[in-house]
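Listed next: structures, encoded as structure tokens.
Next, two complexes with chain A in common: one pairs it with chain B, the other with chain C.
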Partner chain A sequence: MVDPVFLRVLGVCGALFLLAALAILTARQMRGCIRLYAGQSFLLAVLAALVGFLTGSAHLYLVAALTLLVKTLLIPYLLGWVIHDTILEKREIEFVVNIPGSLFISGLLAALAFFASKAVVFPGDVLTKLLLPLGTAVTLIGLYVMVSRKEAVPQVTGLLVAENGVLLAAVPTAFGLPLIAEFGLFFDLLVGALLMGVLVMRVHRQTESTAVHELCQLKE
Partner chain B sequence: MSIPAMILVTPLVTAGLSLLAPNFAGPLTAAAQLLTLAFCGLLAQRVAAAGVSAAGWFYADAVSAFMLLTLSLVTCTAAFYSAGYLKAASGGAAGRARDLRRYYGQFNLFAFALLLTPLLSNLGLVWIALELTTLASVLLVGYENNARAVEAAWKYLIISTAGAVLGLWGTVLLYYAAAHGSVPYAGLDWPALSRLAGGFDPRVMKLVLLLVLIGYGTKAGLAPMHTWLPDAHGEAPSPVSALLSGAKTSVSFYVVLRFYFLVLATLGPLAQKFMLLFGLLSIVVAAAFILQQRDYKRLLAYSTVEHMGIAGIGTGFGTPLAIYGVLLHIFSHALTKSLLFYAAGNISLKYRTREITGVSGLLKNLPFTGAAFLAGVLAVTGLPPSGIFVSKFSILMAGFRTFPPAAVFLLVIVAVIFFGFLRSVNPMLFSRPAEPPPEAKISRWTAWAMAVSLIFVIGPGLFTPWPFARLLDSAVAVFLGR
Partner chain C sequence: MPILTRLFLNLLEVLIVLLCSPLLKGVISRLKALVQSRRGPGIWQPYFDLYKLFRKDEVISEDASWVFRVTPLVVFAAPLVVTLLIPVITGYPLFWAFLGDMLGGGFILSLGGFFAALAAIDTASPYGAMGSSRTRMVAFLAEPVLMCVFFTVSLVAGATIPYIVNHAWYTGEKAVIYPSHLLVMIAFLMVILAEAGRIPVDNPDAHFELAMIDESKTIEYSGKSLALVKWGGYMKLFVLLCIFLNVLVTPWGLAASTGARDVLLAVPALMLKMLVAAVLIVVIESTFAKLRLFRVAEFLGAALVISLLGIVTFFIGI
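Showing the complex of A and B:
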């Protein structure tokens, strides 16, 4: 049986994880988005390590270490390095939906996530019962950030947040990957984020802006 | 070294060599892909004899072997075509070393990732390999580095990665369902999952179905998540469009199939209906855009959406005949569409435009390319004798027995698309040449690529060599368990 104090600690970290997603939803400054993402990834690493300690899974310690290295340090650092400072210092003033509206919508998404997860959790599975709804909610909010922001950097952050959500949902199941595959997974995530940074710069060079929602030469 | 390892090492080594000796990278890549094709043939032969070939990390059943043959044929012709295309695109000169490095380095990595995916049985590893195909091809899509190409690459990366996130989510839930199945199994190995799939919890599997169809369907180009596809296929250099359309969407659909048959074992008709829904939506969207298309490369791209839709519909029909049709369809479409993109590449080199109205007198100005284009268009719209005719016919026959309304609907849409295609292509081919188009040197390498593709476009419509037919039959048996 899981120690209730331990569960409470997990719950607090999970709640902070969800809060970080909401903070990214409302952060105007580009650099702020990336920093919040780094913070959220740190919480993911902590959660993975805690669950690893609880279940005695060495596998999850590796996941925690890789999250710390790739998602907390490398991706934010590389994005800051690839993307020009003038872009990162900018603030996004206009959202597709204003901030109160967005918060309301993400509240609905979180509620949806909690009810949907409740339906699929198997009885007696305490860890999944706690983490699956959180992961689901964060994934949905991340995808919502992608569609509700007009600028490239917050869109990328939204995608990365959605990734974090899925990884959190995978934590209680210990991924089910062969050990070495974790490296492959995090390698893919790292290269993907780096490519996004490179493309943000190329878009900027071509159009003098990173308002990607205005990219509409290609249609029909 | 085992055969799967050889299949993978060849493109990897070639990628390295291309960086060292960019001026020889074209012929080198072509030779390497020919070698890979031979290895894939060897593996297919071994699988046909032994049923399954598993060595260490690698696993190949009849479906994998069939996919490997399809993919390596396309990457092989694309390598030959690239050698000619890049030369012609840089005005007959060898091209700048920097561009050649960039192109062939990524081309070979892309080929590596494509061939890796069917060689894995752990679905988590499959996810990694499939995502690698996207990452390796993003900068190839943006190769031209102008505003349109960058926009296409951006949309391609963002939408595909969003799809990958959903796909990963589905994979995690599948693992969760398997771990709590009637026979608990903690792993993602496909053969084991396939044995146990009947005992998974249907509520979880419903979510898996939705996430997998949307997630991996994004990469396969199923509507409504196809929006990246026409942009990427239109803006990429033509050999890359051929690879995206012939190989990338095929291998993504292969992954959809692997997941789908696990879900089918639990959910039955519900899964079939979902698959049909996505398939039907795809052909409707494709038909709407084909009818009003002004750009011939985007016309071909929407035709890819159509054919992925047809493969989805066939999968939904679900009888052995339908699955046979689907697999043959993936093969025939891969070869036919790559042929069409090769021809389209030569057309754009000659006429320097991608507007349908800017091209006239094609058969007179470029006789071989024009003839290949005509043959490809007739094949892709489903006229006999062609592989696509046989596969469409099989799918329709199966459909009339299982879901007659869907089959009738499919027939109508296919007719509409046939009309749309001929209306667009007819003036390109047969009208009188408006003015003599600028001289453009079309390399003989491209003719070879098209000639080889043409054999495999028409071949399966005339007769099916028995080793190929046997491989197809055992591939159907892998999915339907008979």
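Showing the complex of A and C:
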């Protein structure tokens, strides 16, 4: 049986994790987006470590440490370097749908995730019951962030948020992935973020813009 | 418990709200000044201001109707009536506890806001009308959030009477700090900032007519009426924070019995909680910029989504 105090701490961290996703959705500044992402990843590390402590699965500590290293330090640093000295650093992000509309849609997505994952959970499994809906909701919100941004770099943050959500959903259900897959995932993510960053920089140098809707025609 | 004791305690609560609310305002301004590396006015400054205003003459426009004259009294009285309904220092219901629930308290507070908005239009000053239309905008965006928060809280506690809600959190058999609790707390804090006219919705220290929201309602008032309106504003913030702290966030530290020791201990406990809340407000006000008017909708929209998520998480039971 899980100690209710731990469950409460998990609940608070989980709620903050969800709030961080909502905050990333409403953030207008790229810098703020990256900082919020780092904060969310930190919460993810705390959650993973707590679940590891509760279930006694030691390799979740490793997941937490990797999350801390890669997602709260390396990727934010990388993204900061990508947008450094570009116009993205100062200008506000453009949205496809305005912020109240986006918030409303993400609220519906979260509710959908809650109801959908309620049906999946094995009765009596308190950890999964608490964390799976939050992970699913954050995944959907991350996907929505990807859809609703007009620029390439903010879209990358959407992908990263979605990935955070997937990891949170994986932590209580499968107690993380097998270790080798976990390593692969983190380095994939790192390399992916790096590649996307470099690509976006090249695109920016070529076309003076990373607005996605302007990139659908070939230039001579 | 004898009726007289309960009456006395109720009166004591009203007195605390009446006398301590300017202090809260003074502490907030002083702390804010300190954070911004200024010396700032002392914490007793609001009392001096009120004293000065009460001794001054009043100028009322010839075209002002009775609404204009009545409004300061309504604005002043509304928070005091709400005080009767909420736990300020005692953890058990007092004389008028069952007179109205949280929704009733919300209605009484918004009655004050309603009269203030009417009075601002009454003298046909352009700034007053602008301010009142803006406060209405903020208020109608804040209303659904307030409803959602109250619904979630009353779902958890099984009642809408503030004392019972406080008791439900306090005894702790209901899930205390769970995702829904946290979400509702944050949504309620955002609404308090909007309702009390603080940053990021409104800047309480700015006196630039075009940018004011809450202050511009008082623009036509002077002398005693201005003092009453200002004092009412201080008390509104104090009462809202009382609900926030004693009902939602920290249900501990209230007097458990009518004994003099319990009651006397509850007063410094309340002061301590208020100090923490003041620090929180100062941190928010010093780190955020005031939002542009049409971004207030985004701010309160976020609060609404958060409170809705609070309800959903409660029903899912996570």
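In this section, the second predicted complex is superposed on the first by the 204 of 220 C-alpha atoms of A that agree within 3 Å, B and C clash if a C-alpha of one lies under 4 Å from a C-alpha of the other, contacts with A are read in each partner's own complex, and residues count from 1 in each chain.
We take it that a contact is a pair of C-beta atoms (placed from the backbone, for glycine too) under 8 Å apart; a residue touches a chain by one contact, two chains touch by 3 or more.
Because the structure is predicted, anything quoted here is derived from the model rather than measured.
Steric overlap between chain B and chain C is absent once the structures are superposed on chain A; the two fit side by side. Within the superposed three-chain model, A:Glu163 lies in touch with chain B and out of touch with chain C [touch as defined at top]. Of the two partner chains placed by superposition, only chain B is touched by A:Ala116; chain C is not.
In the superposed model, B is the one of chain B and chain C that contacts more residues of chain A. With both structures placed on the common chain, the touch criterion links A:Thr86 to neither chain B nor chain C.
By the touch criterion defined above, A:Val203 reaches chain B but does not reach chain C. In the superposition on chain A, A:Ala181 makes contact with chain B only, not with chain C. In the superposition on chain A, contact is made by A:Gly192 with chain B only, not with chain C.
After superposing both complexes on chain A, the closest C-alpha pair between chain B and chain C lies 18 Å apart. Common to the chain B-facing and chain C-facing surfaces of chain A is no residue whatsoever.
Residues of chain B that touch chain A in their complex: 122, 124-125, 127-128, 131-132, 134-135, 138-139, 142, 145-148, 150-155, 157-158, 161-162, 165, 168-169, 172-173, 175-176, 179-180, 186-188, 201, 203-204, 207, 230-231, 234-235, 289, 292-295, 298.
Chain contact summary for the complex, chain A toward chain B: residues 116, 119-120, 122, 125, 128, 139, 143, 146, 152, 155-156, 159, 162-163, 166, 169-170, 173, 175-178, 181, 184-185, 187-188, 191-192, 195-196, 198-199, 202-203, 206-207, 212, 215, 217-218, 220.
Residues 8, 11-12, 14-16, 18-19, 22, 26, 99-100, 103-104, 106-107, 110-111, 114-115, 118, 129-130, 133-134 of chain A are the ones that touch chain C when the two sit in their complex.
Those residues of chain C whose C-beta lies close enough to touch chain A in the complex are 175-179, 182-183, 186, 297-298, 301-302, 304-306, 308-309, 312-313, 316-318.
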